[in-house]
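Chain IDs A, B, C and D follow the sequence of writing; residue 1 opens each chain.
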Amino acid sequence: MQDLLNDILEEVKPLVGQGNVASYIPELAKVNPNQFGIAICDTQGNVTKAGDATTGFSIQSISKVFNLVLAYIYYGNSLWERVGCEPSGLPFNSLVQLEYENGIPRNPFINAGALVVSDMVHSRLISPHVALRDLIRKLSGNPYVLSDVDVAESEFEYRARNAAMSYLMKAFGNFHNDVEEVLHTYFMNCALRMSCVDLARATQFLANRGFCTITKSDVLTGDQTRQMNALLATSGLYDEAGSFAFKVGLPGKSGVGGGIIAVVPGRFSICVWSPALNKMGNSLAGVAALESLTRHIKWSVY
Amino acid sequence: MQDLLNDILEEVKPLVGQGNVASYIPELAKVNPNQFGIAICDTQGNVTKAGDATTGFSIQSISKVFNLVLAYIYYGNSLWERVGCEPSGLPFNSLVQLEYENGIPRNPFINAGALVVSDMVHSRLISPHVALRDLIRKLSGNPYVLSDVDVAESEFEYRARNAAMSYLMKAFGNFHNDVEEVLHTYFMNCALRMSCVDLARATQFLANRGFCTITKSDVLTGDQTRQMNALLATSGLYDEAGSFAFKVGLPGKSGVGGGIIAVVPGRFSICVWSPALNKMGNSLAGVAALESLTRHIKWSVY
Amino acid sequence: MQDLLNDILEEVKPLVGQGNVASYIPELAKVNPNQFGIAICDTQGNVTKAGDATTGFSIQSISKVFNLVLAYIYYGNSLWERVGCEPSGLPFNSLVQLEYENGIPRNPFINAGALVVSDMVHSRLISPHVALRDLIRKLSGNPYVLSDVDVAESEFEYRARNAAMSYLMKAFGNFHNDVEEVLHTYFMNCALRMSCVDLARATQFLANRGFCTITKSDVLTGDQTRQMNALLATSGLYDEAGSFAFKVGLPGKSGVGGGIIAVVPGRFSICVWSPALNKMGNSLAGVAALESLTRHIKWSVY
Amino acid sequence: MQDLLNDILEEVKPLVGQGNVASYIPELAKVNPNQFGIAICDTQGNVTKAGDATTGFSIQSISKVFNLVLAYIYYGNSLWERVGCEPSGLPFNSLVQLEYENGIPRNPFINAGALVVSDMVHSRLISPHVALRDLIRKLSGNPYVLSDVDVAESEFEYRARNAAMSYLMKAFGNFHNDVEEVLHTYFMNCALRMSCVDLARATQFLANRGFCTITKSDVLTGDQTRQMNALLATSGLYDEAGSFAFKVGLPGKSGVGGGIIAVVPGRFSICVWSPALNKMGNSLAGVAALESLTRHIKWSVY
């Protein structure tokens, strides 16, 4: 396994730094693009890693996976009354579909869907961000996971489009709490700093039918885990979901911080990270590393 | 395996006949809804079956799978210059996305995409329908597979929307042959009559890394097969692709004739058939049977 | 003229109360639907009236006309850099076009356009609502025109869709001030209470090449007045703009409070009011009264 | 009046040839862009002209006005059951709105609307093109008006988008005749060659409450004429309808051949022509000439 990661590292080195670091908020634009890390966590909890795998980065949209876990815990399958499970076919931050489909977002991994999930969690918890952080600390076994307040504030300042989506859903009756408060929590969640090792550990339950080897407990049921992976496979990489399935063939979730988590069901979870993004907003070297991985292990879910 | 199919048959019996038979063309509307068949073909070519598994039905959009095989054979990966590999997020026969995306259909399993694939095949073959029929005859081992000319003519008569899509793509330069001719071929392909057993056999190569045990030859390469399955997983069931991934978790393709093929990679291919459709246009009892199947075998790709 | 108004009053009486009072905010829903007023103000400033022409009502979107006057005064033709002058072809509160056209609203009479105009006025004035109210008091010669704070607050509470539009424009850089503050002003403007007589007087300058006979001064230049009337003719009645041009043939602006102002260039301004609305959101009896008017005077701009 | 036209000619001279001649069909691209003509026909039938006012050109979409006259004659107001009277807010050849609005075009001056009107006329007449040509010959007093068959054939060859729209409407049940046949007629109508003088005469009835001074007979009723002019004012210049109302303020209809007809109700009809088009597809010098005209006569409908 270590050889595999070393090989991948060697292979993608020329790509690291290609593409562009997310620049829509000043704080994210400051990151050095010449970094790359990869970590794998198998179903026994063994971690293998290479490159900058212990460097913390902003997990951004990868937080949507954990937020959905919270929603599963508090709502079960009734959560699907307020958000769909279909691919969106439109940019991750589009309002068009929301308007045509009465404020019900297509899936929980586009922004509108994640916002509605945040709103749901808000209705049940007093400190939803703390709850999410604590969940992540337990799942990753790292009690020091923290949110980068500067990033969160920078995102809040540039909240206009997310605010627009939230208010539009509110206009359709599908957003119940105060928009600004939910956005605060949402951005705090996005701004969590974690390393590849942290994230590989924290998502290992997805490769293990919902069972977390670190906490020795079920995070989701087997059925829920299959559903989560199915959603990650069809909708986890924004507009690149189809081509990611096509080229990589694993359930996965990316974030504009340059991280991507992926799952080989029954075997292991993976986290790659490299800050520079391709045109679709996903880590350029990260996608290449995952392509290389499935080529090497001669395995994809398909 | 036989027990499994018998159990599934028993389980879905109450659902058979629920929903509505496709009525947009008179010929299809004549089918008796109270039929149900299922067949499985493993990677050694062994077939297990239950119910009306040897009754022929109109394969309709399932023909798109075989047509894409032809395009792979004649164009290789260059085929993706004229059609995408992303989920569409819109109804299967929508023209909106075509107009916004310059006549490039989202994927080869929505109608516009299948029409462009037909147009491509037309540019290379003198008798594209005969070529497709012969391919299917070989893959299924059934030399008597034939198209139902009454169905094809009925579809041609009601061709308006498919003609509109073809002409719109022509306006964008992404349709090269005569629209009426391509539509004739397209409808002849859709009107092919096959049974569950035929289709399970003919798609067995998808479960077998592209190798067909009947012809003892490679239909697609291993990579192409993974790609095909990925596409089937993200885009094979129209608007229900996401929820099918969610509930069933297998690559699959449905047709308005009530057939659905699905793939358990490395193990077997499946074909279910029952003519009455749910609101999304997929066989109601068929989807239920596949859900039951993955529950029984405790396995999905995710 | 008095006979004309009496005839119209008689003619539309059976229609008064038909349709539905605007119910999207509780305050507006309380109005008695069985009211109808009409007033005409000629270019000498003479007013003729019939029915409930001195009863105050919520002017709602008619305020957009006066707000645009403020924008003309402070920005001149540079105002058109931030808002278009084309019909929208979509519902008045749609976000779809905004997203496709980079946050530039189609015209100043749909909500998004009026919000951008409010934002512009906000950038130049400390008390934009007071400025608007004072302008209206002068133009109408009624120093007691006031805003109904209950209505404004009720609208603010249900601000979600307008907030969504404002934030979406902010995301595109076409909204400069604080969203909540601009919305406060916007709703205070909408909640101004005026009678038919007040509004006929206050819009008389539109029939008089921009000259207000009450203040004896130019409100707009002749060219600006022609432009304003052209805009009112193509975009003043929401989705009914075309059919209003078709049936009535006068520049006009409606509000969900049931008021409609219209202009016979060179001759007079008109205000009709009746609270119950047709399906397009315009006063049912009001539209009928204006149809009757142009039929009686055998004159439209076309 | 002659002085006026001479002044306008002088004023727009520097603009003649600016912009681009329509190039979507080869035949139209051959026209010399350095031509400009203008003609006015008053309600007594007196014609004043300047520049290349007697040179024939392809009237293209201006034919939609006459085709709508035929529909009025054969269907009366029931024609509005199959086509709307609202501005479209989308490009003249868009299919998006058709799909969202069930195949009912927004108005008779966008392509889809004109195609439906052609289809209607086809249902009533054996030789619809001959009928249109004869109508135009009578109205213009020029018995030699003919269609340019080369242009019509060239347009038919590039018919894809118009065919797409026709088939889409057929799919919604709003197109009854054979698509290819209706397109033949449609393109023959578009390819009619007329001069500014011909067109000013042929549209003079629009300035004269429907009465044609040449044939001494009513073409449309007064009400129908008002409706036609209202439609021309809100929808006659494609995407530039609003800004044309804004700048020129007259009902008008443009064609990609570079012609524009406009109406000063009660006074006269105008036809300007110059082949080079602005970005919106309307004659650049033609629009400027009409702006100059309304500035000189200090009059618009608003």
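Heads up, the rule we're going with is that contacts are C-beta pairs under 8 Å (C-beta built on N, C-alpha and C of every residue); 3 or more make two chains touch, one makes a residue touch a chain.
All figures in this text were calculated on a predicted structure; none of them were measured in a lab.
Each chain's centre was taken as the mean of its CA atoms, and the one lying most distant from chain C is B. Chain centres here are Cα averages; for chain C and chain D they lie 32 Å apart.
Averaging Cα coordinates per chain places chain A and chain D 55 Å apart. Look at where the CA atoms of chain A average out and do the same for chain C: the two points lie 47 Å apart. Residues of chain B in contact with two or more other chains: none.
Remark: the chains found to touch one another pair up as A-B, A-C, B-D, C-D. Across the complex, chain D meets chain C through its residues 84-90, 97, 106-107, 225-227, 229-231, 233-235, 239-243, 245-246, 249, 251, 265, 300-302. By the touch rule above, chain D contacts chain B in their complex via residues 94-96, 99-100, 159-161, 163-168, 170-171, 175, 179.
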